[in-house]
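One chain, chain A, links the two complexes that follow: it is found with chain B in the first and with chain C in the second.
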Partner chain A sequence: MSNATLERTRPRGRGAPPSADAPRRRRSGWWLLLAPILAFDVVLFLTPLGKLVGASFADNAYQRVLEDPLVVRALVNTLTISLASTVVTVVLGYIIAMVLWRAGTVTRVILFAVVLLPFWTGILVKNFAWAVLLQDNGMVNAFLQGIGLTGAPIPLLHNRFAVIVGMVHCLLPYAVFPIFSSLASIDDRLGLAARSLGAREGAVFRRITLPLSMPGISAAGLLVFIISTGFFITPVVMGGPGDMMIANQIDYYARQLTDFSGAAALAVILTVMVSILVAVYQRVLKAGGQHEDN
Partner chain B sequence: MKTTNPQHRLLALLSIPAFLFLVIPTAIVVPVALNDSRYITFPPEGISFAAVAGFFADRAWTSALTASLQSAAIAVVIGVLLGATAAIGLHGRKFPGQPAVVGLILAPMIVPTVVLALAFYQFFISIGMVGSIVPIGLAHAVIATPYVYLTTRASLAGLNPALVRSAQSLGAGPLSVLRHVYLPIILPGLISGALFAFSVSIDETVMSLFMQSPGATTLPVKMFTDIQFNLTPKIAVSSALLVSVATIGLLLQVLFVLKRRSSTRMLPLAVSAQT
Partner chain C sequence: MTASVISAESIPGTGRAAQGAIELRQVSKHYGDVVAVDELDLTVQPGEFVTLLGPSGSGKTTTMMMVAGFEEHTAGTVLIDGRPVDSLPPRDRNLGVVFQNYALFPHMSALENVEFALRMRKVPRAERRQRAEEALGRVGLGKMGGRKPRQLSGGQQQRVALARALVFNPAALLLDEPMAALDKRLREQMQEEIKTLQKSLGISVLFVTHDQDEAMAMSDRIVVMRDGKIVQSGPPEEVYNHPMTDWVASFLGDTNLIPCTIVERNGEEAVVDLGGLGLAKVRDRGASGESYAVSIRPEHLKFRTRASAGNGCAATLVSSTNLGATVRHRLTAGGHELQLRELSSDRGTRILPDEELWVGWDADKAQLLVLES
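So, the complex of A and B:
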């Protein structure tokens, strides 16, 4: 994600050598390789985004959307749902990363595949599966009734709980990888030294493992929060009418109200929010000295 | 580090629900699709391919499948061409403005998909390019290209730029350098990037939803539309199809990762593709 961090992972080339024996074509032709992607991104990425920003300044759009109580509600929902999902994701991600860290090589490869399969699966497939599990006659309700926790099915779907469950499931891999890499960079001898000096496992975790994996935790938390703020599918599929997030509001403005300038203003607000968080995220990565998750 | 003290047992105990949470939803998808019942239930009541047959007999679903494959083909071809040329062009070079170029190449990954969806929606309407799969494929190509760029760049990391220079000083022309120096080295990254691009496109929902039209409705869009009314066996079959594709993609990816460790870094990447 971050140019700065990405740059640090690659060896510093010396650049095209201006040596005397260099034929002309060797130095002049290489930018032709960059021309296609630059042309493509200017036409199909920068231009549409530029038009979007332009549209957002029409019709007093910013003031209009920010005075819409539905938008305010969606902004509050976005923040609270993202925050809740982030906390749950980081806690679960930490547990999974700890297991991966402790596991032997073979187990580790298998468990990595387990973490990666949902990662490669589309969000709709995952949300569909959760809807099947959480519906009134679904497996979770059957289980709860089976162990006698509840007599009748409890509504687990189409509410905020379901949205957070669906989001956490999508977000988990993003938390596992940064945390795992910060755990993996801890010197094993620190734990051994602490234990040989009589520290219990709990103390080793509290005073060595946890503090040293803090950069991974904050990177994971930020990354997960950044991704959370853009969720669109999960609130519709798993949430109720009161769980719509900012992305849903953009859709509502664009496709229901056909209010382009309003939708564009909301999109710009979301992008600015995300960009600020991304900038913070890069700072955190730099401070933590992480290269892994880009 | 095999120890059996209480804390490790506590960790193992805590991790079981975490792993179950991660695995169960993906694991039930295929059995649900093969359920011998008109309703969506798990565990299945019996094995039957009736829903699968129903899926492939339904024009709406098969044309959605076709649309998805078409958009993925566009995204993969463009992504591979642009991502690979960019990675080679930037390899071992420093020039003023290079960070900006790299930033532009990677930028589509961090813009929320819904924002891009809105931008493309407006853009393609304004240039009158609506009603086909092409704008959807192009939009997918925009978000797929950075992945190919990154995987290709990762496989180039081991290539010493001096090798290119020595090939050139021995008389190799640009095409010959591309063919004999770059291609063998970037091939694994290219394949891995192509898999990423395919998976990004086949799962992408939001942009495809904004730009959908009759005849250009992709599988995830059809699923998204239907799922809001009812959980039907055909959605289950579609999910099972996508899970199978993901499993194959993951297996291929693991194969290449095992061959070339460098691409491991690329795995937790799909920021924009997921929401």
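So, the complex of A and C:
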């Protein structure tokens, strides 16, 4: 059961590139091995999803939700906040992964634990911890006032900045691990070779390390973006009224308005939107890769 | 694959004469308490092909890495063309390096790999392309420039690595076990090609290997290393035929080691007592130690008649094994086990086990050496 649950969540990680030279084994009966997970998916995932999609077409739901200005606002918020969080997470994640990659064994183990800690901590705990830090009389403001950078507290909480901070903290491990694994697969001697051929550190990074870690970066970007679009607690705990994301609207439709067809329509809209973006992203990546081939 | 495809044209576009002397003075490398390289003195003359030969852990790769600048030495000085390079990073040492696994950039085509050094030197695009194509042509891969490393065979990858290391006219070439990943036939072919290329370019080479056949086949001079020290250095034939210690003798191939005591030493020659085998005249290089032995390579032992002059002893055949080109005979003589190797084509009348024989050797083929182990 737990195995199947793991499998269920795996499609999210589709951004991880399949190893190019994995041999394809096509033998008769291979599908039998898939039967348990297929059955599981059909009963517990596809059927409810089908019902949800069916429900979304009742009562003119799409027109109704899309005429709601709050929904449109939430959709725009979802895209911009997710995009911003993804960019920040991937950049920070890359830096952490680089440090991990270059660190000695002991440092690496400690750093891994530090990176994994938020992974194992509940999202509510993390967000409230940030709320405590960022509030007007919190540590960050106290520090800024203490060193005389500001006289009055800077509003750090209940705004978009806070939402992105909270999300990035939750998302970091999803960026660090794919990027680290692609960095770790780079042969150290490539860097030595480049240096012997006259490359400075900057050139080694730009021409060797960065291009060879692109699979990790693109996997991380995809993974982080998809997870971002579903954030629900962080906008509530750390955002202001103007930072509601689509998941909050779904909650609002389902629980406050008890408009289930409207909530279903919103869920479908989010799924389709993200799917289209993911498809475009992969198309662009592929084109980039082919261009590099020539 | 065709035979030698590396053509012997000079490097285009250079007026600079190939220099490339490498000199190490008292160079040491310590890792904490461990001494990887111990006060090494080594010189590679311009145009010379010098091989660092030794088992793993002998410090040969560390030595090469210190010349390349990837490892910092703890003491001593490294000079290239008479100039100390101790404080220079690898990129400024102007040395071509070929790594064991070639370390080709997998995301670049063969041509881009070769172009890399020129790109780093800001050579204009057109000239860069032309020189890279010429370098690829020189290693017989003129038409393969567009391929990615993974689309090339092991031998082709190695040629690309060579072209990449040579395209910027480096002062010298450093090769770190470059043939370890190739099969025997290809390895022998590449040995010849690299040697031909090296001669035609007149470039100095520092070559690292643990393979004594490879060292014998390619080097102008072999430097045998053990535990971070040079134990012997010289032309291949000299190191092979006149090892200074039993360790060198055994490392460079099969040998018969007969413990002995010195009766008389006079310059190049010594008279030794071989115990059960009597007195013999042997070559002496003045090595001194606590105990001595005489090394005679199996191919230098010959079946002789008792009447013939020179060193010799009575022996009994134990077994004979046909190895194809050669036949290996195991003998006992005076309480010692001896190996004798002769060409299959020289094999005379069949001898049978337990047959009494007389084996002999030329005095200059028997080397007095120090017993270390």
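Just so we're on the same page, the second predicted complex is superposed on the first by the 224 of 294 C-alpha atoms of A that agree within 3 Å, B and C clash if a C-alpha of one lies under 4 Å from a C-alpha of the other, contacts with A are read in each partner's own complex, and residues count from 1 in each chain.
Here is the rule we go by: contacts are C-beta pairs under 8 Å (C-beta built on N, C-alpha and C of every residue); 3 or more make two chains touch, one makes a residue touch a chain.
Predicted model, so just to flag it, every value in this text is computed and none were measured.
Q: Check whether A:Asp59 is in contact with chain B, with chain C, with both or with neither, and answer first, second, both or neither.
A: neither
Q: Quick check for you: in the superposed arrangement, does A:Leu49 touch first (chain B), second (chain C), both or neither?
A: first
Q: As a test of reading the superposition: which chain, chain B or chain C, is in touch with more residues of chain A?
A: B
Q: Given the touch rule stated above, what does A:Asp68 touch, chain B (first), chain C (second), both, or neither?
A: After superposing on A, A:Asp68 lies clear of both chain B and chain C.
Q: For A:Ala194, is the partner it touches chain B (first), chain C (second), both, or none of the two (neither)?
A: second
Q: Once chain A of both complexes is superposed, is A:Val236 in touch with chain B (first), chain C (second), both, or neither?
A: The first partner, chain B, only.
Q: Using the superposition on A, tell me which residues of chain A are in contact with chain B and, in the other complex, with chain C.
A: Comparing the two interfaces on chain A, one with chain B and one with chain C, the shared residues are 292-293.
Q: Which chain A residues qualify as touching chain B in the complex?
A: 1, 3-4, 6-7, 9-17, 21, 23, 25-26, 29-34, 36-38, 40-41, 44-49, 51-52, 55, 92, 95-96, 98-99, 102, 104, 111, 113-133, 135, 137-139, 168-170, 172-174, 176-178, 188, 201-202, 205, 223, 226-227, 229-234, 236-237, 247, 250-251, 254-255, 260, 263-264, 267, 270-271, 274-275, 278, 291-294
Q: Residues of chain A touching chain C in their complex?
A: My answer: residues 187, 189-190, 192-200, 203, 207-208, 211-212, 292-293.
Q: Under the stated contact criterion, what part of chain C meets chain A in this complex?
A: So the residues of chain C touching chain A come out as 68-70, 89-91, 93, 95-97, 99-101, 103-107, 116-117, 120-121, 148, 164-165, 168.
Q: Quick one: in the complex, what on chain B touches chain A?
A: 1-2, 5-8, 11-12, 14-15, 18-19, 21-26, 28-29, 32, 40-43, 78, 81-83, 85-86, 88-95, 99, 101-116, 118-123, 126, 138-139, 141-142, 145, 149-150, 153, 157, 161, 165, 168-169, 174, 199, 202-203, 205-206, 210, 220, 223-224, 227-228, 231, 235-236, 239, 242-243, 246-247, 249-250, 253-254, 265, 267-271, 274-275
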